[in-house]
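Two complexes, one shared chain (chain A), two partners (chain B, chain C).
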Partner chain A sequence: MDAFNNKRAADALVWLALLTAPYWLPLIGGYTELGTHVVILGLAAMALNFLLGFTGVLSFGHAAYFGLGAYGAAMTIKYLEPSTPLAILVGVVTGTVAAAVIGPMIARLRGVYFAMCTIAFGQVFYFIAFQWSSVTGGDDGVSAWHRMPIDLGFTSIDIFNDNKAFYYVALAIFAVAAGVMAWLLRSPFGRTLLAIRENERRARFLGIPVDRHIWLSWVISCLFVSLAGALYALLNDFVDPRALRWDMSGTFVIMTVLGGMRNFWGPLIGAAIFIVLQDQLSSHTQNWESFIGLFFVLVVLFFPRGVLGLIKRKSAS
Partner chain B sequence: MTQLLFFDVFNGLIIGAFYALMALGLSLILNLSGVINFAHGGFLAIGGYLAYTLIPYFGFWGALVAAPILTAFIGILIERVLIRRIYGRDPLYSLLLTFGLAFMIEDGTRFIWGAQSLPFQIPGWLAAPLSNSLFFLTGYRVFMMVLVAAVVLALFLILSRTRLGLRIRAGTLDLETVSVLGVNVRVLRNLNFGLGIYLAGLAGVLASGMLGLQPNIGDSLIMPSFITIIVGGLGSLPGTLLGGLLIGVASGITTVFFPSASEAVIYVIMAVVLIVRPRGLLGEEGRF
Partner chain C sequence: MSLLRVENVSKHFGSLVAVNGVSMAVEPGELRAVIGPNGAGKTTFFNMISGFLTPSSGKILFDDEDITNLLPARRVWRGIARTFQITEVFPELTVRENLRIAVEVASGYRLRAWLSSSADDEVKARVVDVLEMGGLAEKADRLVGELAHGDQRATEIMMSVALNPRLLLLDEPTAGMGDQETYNITQLIRKLHKDKKLSIVLIEHDMRVVFHLADRIMVLAEGAMLAEGTPKEIAANESVQAAYLGKAA
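And then the complex of A and B:
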């Protein structure tokens, strides 16, 4: 009962913090876009964690689907139709379809092999975005467009000029996505994923089609990561091939590990820490890449269970 | 046309040799220690830059010998301090650790040697074309092919004929038993890591002679090296060699007919291999 109450309290705390973020962020030296950044990349990391933390499969190539979502959204607004909802939809469909096609090729693989193949396949899309410059703008990316106000019929939300409005739109989408993921994890399907994570062989003996479950988990995870990608393009009003390069994938993984893989909110907290740190470092030093690298190393050596894992262990002892 | 084809096939062979050299080092480390070394491209850059620094003192040939050995020592040191701590843990952590290392090495080389690309002097007689009719066939390219072939041969001889090689091969199959039989596994993994990094350093010196030096010189070689391992089959060194040459030549031939797809063809080969034969061309069944 106590654990249940604790969980409830944690949920309430996270939502309260997120809902009031635009108002308390400036007080501690932040700004609204920083909050939007955390929400969007937090969503990406949570989507990755669906696969990594709850299915036990390591993808190191999620940036590809994040980037496809971003390119899908950006190019929809620039070339197709200046509509934000359509842009998000196209972005999500692009990323999810790509993941669904690649999924069967890698769902049979495990461990390091799975990780390597996700990295390699991820690079395919980086190359396409980089090389096919007549369509994607190559290295310069897709620019000269911006997110459009959302027209609801009776009123319109000006997410372009009003940063707070965009934050809340992103947060609403985040809430729906997080809700769906939490619901999936509580469902029999989610429990099956946990069973696969804990003991794949035993799950197989119980007659669970493991490869198909891993494929599904992969597609769901990539769906939400491409949703985050679409929002990321809208946030920056810009997208370039760096959004789908392998270092972005590594960033998602480190966010997840930093916050705590086995925890639902862990990746969000990891994303918050990482983004604030990156924001500070890049404004103070030229060599911030070295520090980020050092940070990766330190997390692996001293924080392998993440912030939440550490707190949990402290409170248990 | 034939000459162009010959040129591109030969070019592909050279590039394939690079992929194979990188991937053999990656494979050695992966097979024995279960670590995917993301920083391999960084070590390649270190090899190139060290050679650049050494050339004024020892000349090209001295640098060619010394730089990879120094790189291997740096690798051995890093293995002792960092990599060793994550053996036996989830592959996730080795990926993240070497990923961080890759960042640090790239930024470090930029800090020490500068961000601009540096010229790399090779002996004049090597840089000259061998003949007028085969304009592209510089001595350096031929020399690289011969050297890579010799090194790969030496590597396979070490693995098949020496005690160290025997232990590495045995450790790949069953590390615990090797340890029980009295082999110091810590030292074995350390030396093996050094051997892998030596190959990366050598590839770095050779690549710098052909492409010049930039901090991110390893970036364009690391992904194809991964694919080389996937195509050749995890756990098989001959497979890795075959995979490297195969994707190198395939991308060389594609350059003739469809230049913009020369990079894409590598990924197509990977996809086909994964569909038809998920364990890779020469990979053992059931290993992964």
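And then the complex of A and C:
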């Protein structure tokens, strides 16, 4: 029962920290947008971890669907209809449909072959965004638009001018996404994914059609990463091809491994560490990435299960 | 009607003939042992029945339906479950979770995002049944990776039993075990066969186990069938003694 209570306590602590972030962040030298950044990229890393940590499949191309979500949202507001909810919806649908179509081509691959193919497909979208300037703005990206206040009928949430309001909208969406992922992982379907992670051969010979379940896990993972991408575009009021380049995919993997991929909250913690380091280091040096790289190497060497991996699962006795 | 009929099955790996024209019929409720010296093709033969490999030629019928080229998962859905020579379990999950996954898949819940509380209760009760049947109740909440070899093997066998199979394939269930563990696993298999009336085909090196359990024995040597019969007939068969038992004794 101790493990169960500890888990409850950890959940409560995470939610408490997230709910009060705009109020305590300034006290330690932070600011609200930093918190929004962590929540959004944390969601992307948690979405990646649905596939990596809980299905055992490494994707190095999640930025493609993150970027499609971002472009979908940005272009909806700029060209289609200045509505934030519609922008998010279009972003999510774009990213998810692309993932669903590409999925069957890669779901049969394993290990490094799967990772390489996800990079390859990811780069295809990067080059399309980069080259097709007349539509995507090319290297300059999609700018000269901004997120729109959310109209609820009786009132309107001004997420454009009020940073706290945007933080809480992003957090509410994060909460729903995290809740759905946690719930799926505790379901019979979620347990088949753990089974595949633990031992693919055993899973197959229990009667689980492994490729199909990996495809489903991939689509769910990409759905939430494109949701994060849509929010990311709204956060910056801007999107450019870097959002779907392979090094963005690498960032998600680094965040996940930093925080701990066997832990549900690991990727969020990893994203927080990454973004705070980036925020602090980049004001001192242009080479901030090499310092993050060094930190990453140290974590992988000494805490191979990530920061939260220190809390290792033990038998209840 | 035979439950399983293997007709003249062969498997080639390049120029190597691993299994050469072997036939076998297993009746419902039968426990069949497949024995033979190392390299006789026993595991290859087994892998073709479970769908891990497809035969180069020949046919495999289950319930009179051709399953020769069916994918492994589809064979499981029809009622063929197997264990492996090197134990295949989910090491970082508990015994209970390992069995629960098997029960849920067998109940057709593998794509469910939720279970009604009555379905959940049924699954849990079935898991407890299987835990008790396998003598694993006291270790239910231990991680399988931390258990002794014999308990890991028992978990793997019970996962296959939890699938409600009509044919259970066991690949060297007592491999690498001490005397006590071998005895326990043997008793477990006997119980599944006698009490649950499960049809079982097993590969085994330990002759005490084979002669204690088997209704019929098939002997493979160099990829071909050397003999087939009751334990008594096999024990008395001179070519078997020459090829196999003689060397073992």
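The definition used in the following text is that the second predicted complex is superposed on the first by the 309 of 317 C-alpha atoms of A that agree within 3 Å, B and C clash if a C-alpha of one lies under 4 Å from a C-alpha of the other, contacts with A are read in each partner's own complex, and residues count from 1 in each chain.
Basically, a residue touches a chain if its C-beta (ideal position, glycine included) is under 8 Å from a C-beta of that chain, and two chains touch if they have at least 3 such contacts.
Keep in mind that this is a model prediction, so the values were computed, not measured.
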Give the label of whichever partner, chain B or chain C, reaches more residues of chain A.
-> B
Using the superposition on chain A described above, determine whether A:P209 touches chain B (first), chain C (second), both, or neither.
-> second
Considering only touches as defined above, state whether A:L310 meets chain B (first), chain C (second), both or neither.
-> neither
Could you say whether A:V93 touches chain B, chain C, both of them, or neither, answering first, second, both or neither?
-> neither
Thinking of the overlay built on chain A, is A:E289 touched by chain B (first), by chain C (second), by both, or by neither?
-> first
Which superposed partner A:A10 touches (first chain B, second chain C, both, neither) = neither
Looking at the overlay, does A:A165 come into contact with chain B only (first), chain C only (second), both, or neither?
-> neither
With the two complexes superposed on chain A, say which partner A:A182 touches: chain B (first), chain C (second), both, or neither.
-> neither
Which residues of chain C touch chain A in their complex?
-> 50, 52, 71-73, 76-77, 81-82, 84, 88-94, 97, 100-102, 104-106, 109-115, 141-143, 146, 156, 159, 163
Interface with chain A, chain B side, in the complex: residues 30, 34, 36, 82, 85-86, 89-93, 95-97, 99-108, 111, 223, 226-227, 229-230, 234, 260, 263-264, 267, 270-271, 274-275, 278, 288
Residues of chain A that touch chain B when the two form their complex | 52, 58, 60, 105-106, 108-113, 115-117, 119-121, 123-124, 127-128, 131, 246-247, 250, 253-254, 257, 287, 289-290, 292-297, 299-301, 304
Contacting residues of chain A [partner chain C, same complex] = 183-184, 187-189, 191-192, 194-195, 198-199, 201-202, 204-210, 213, 216, 313-317
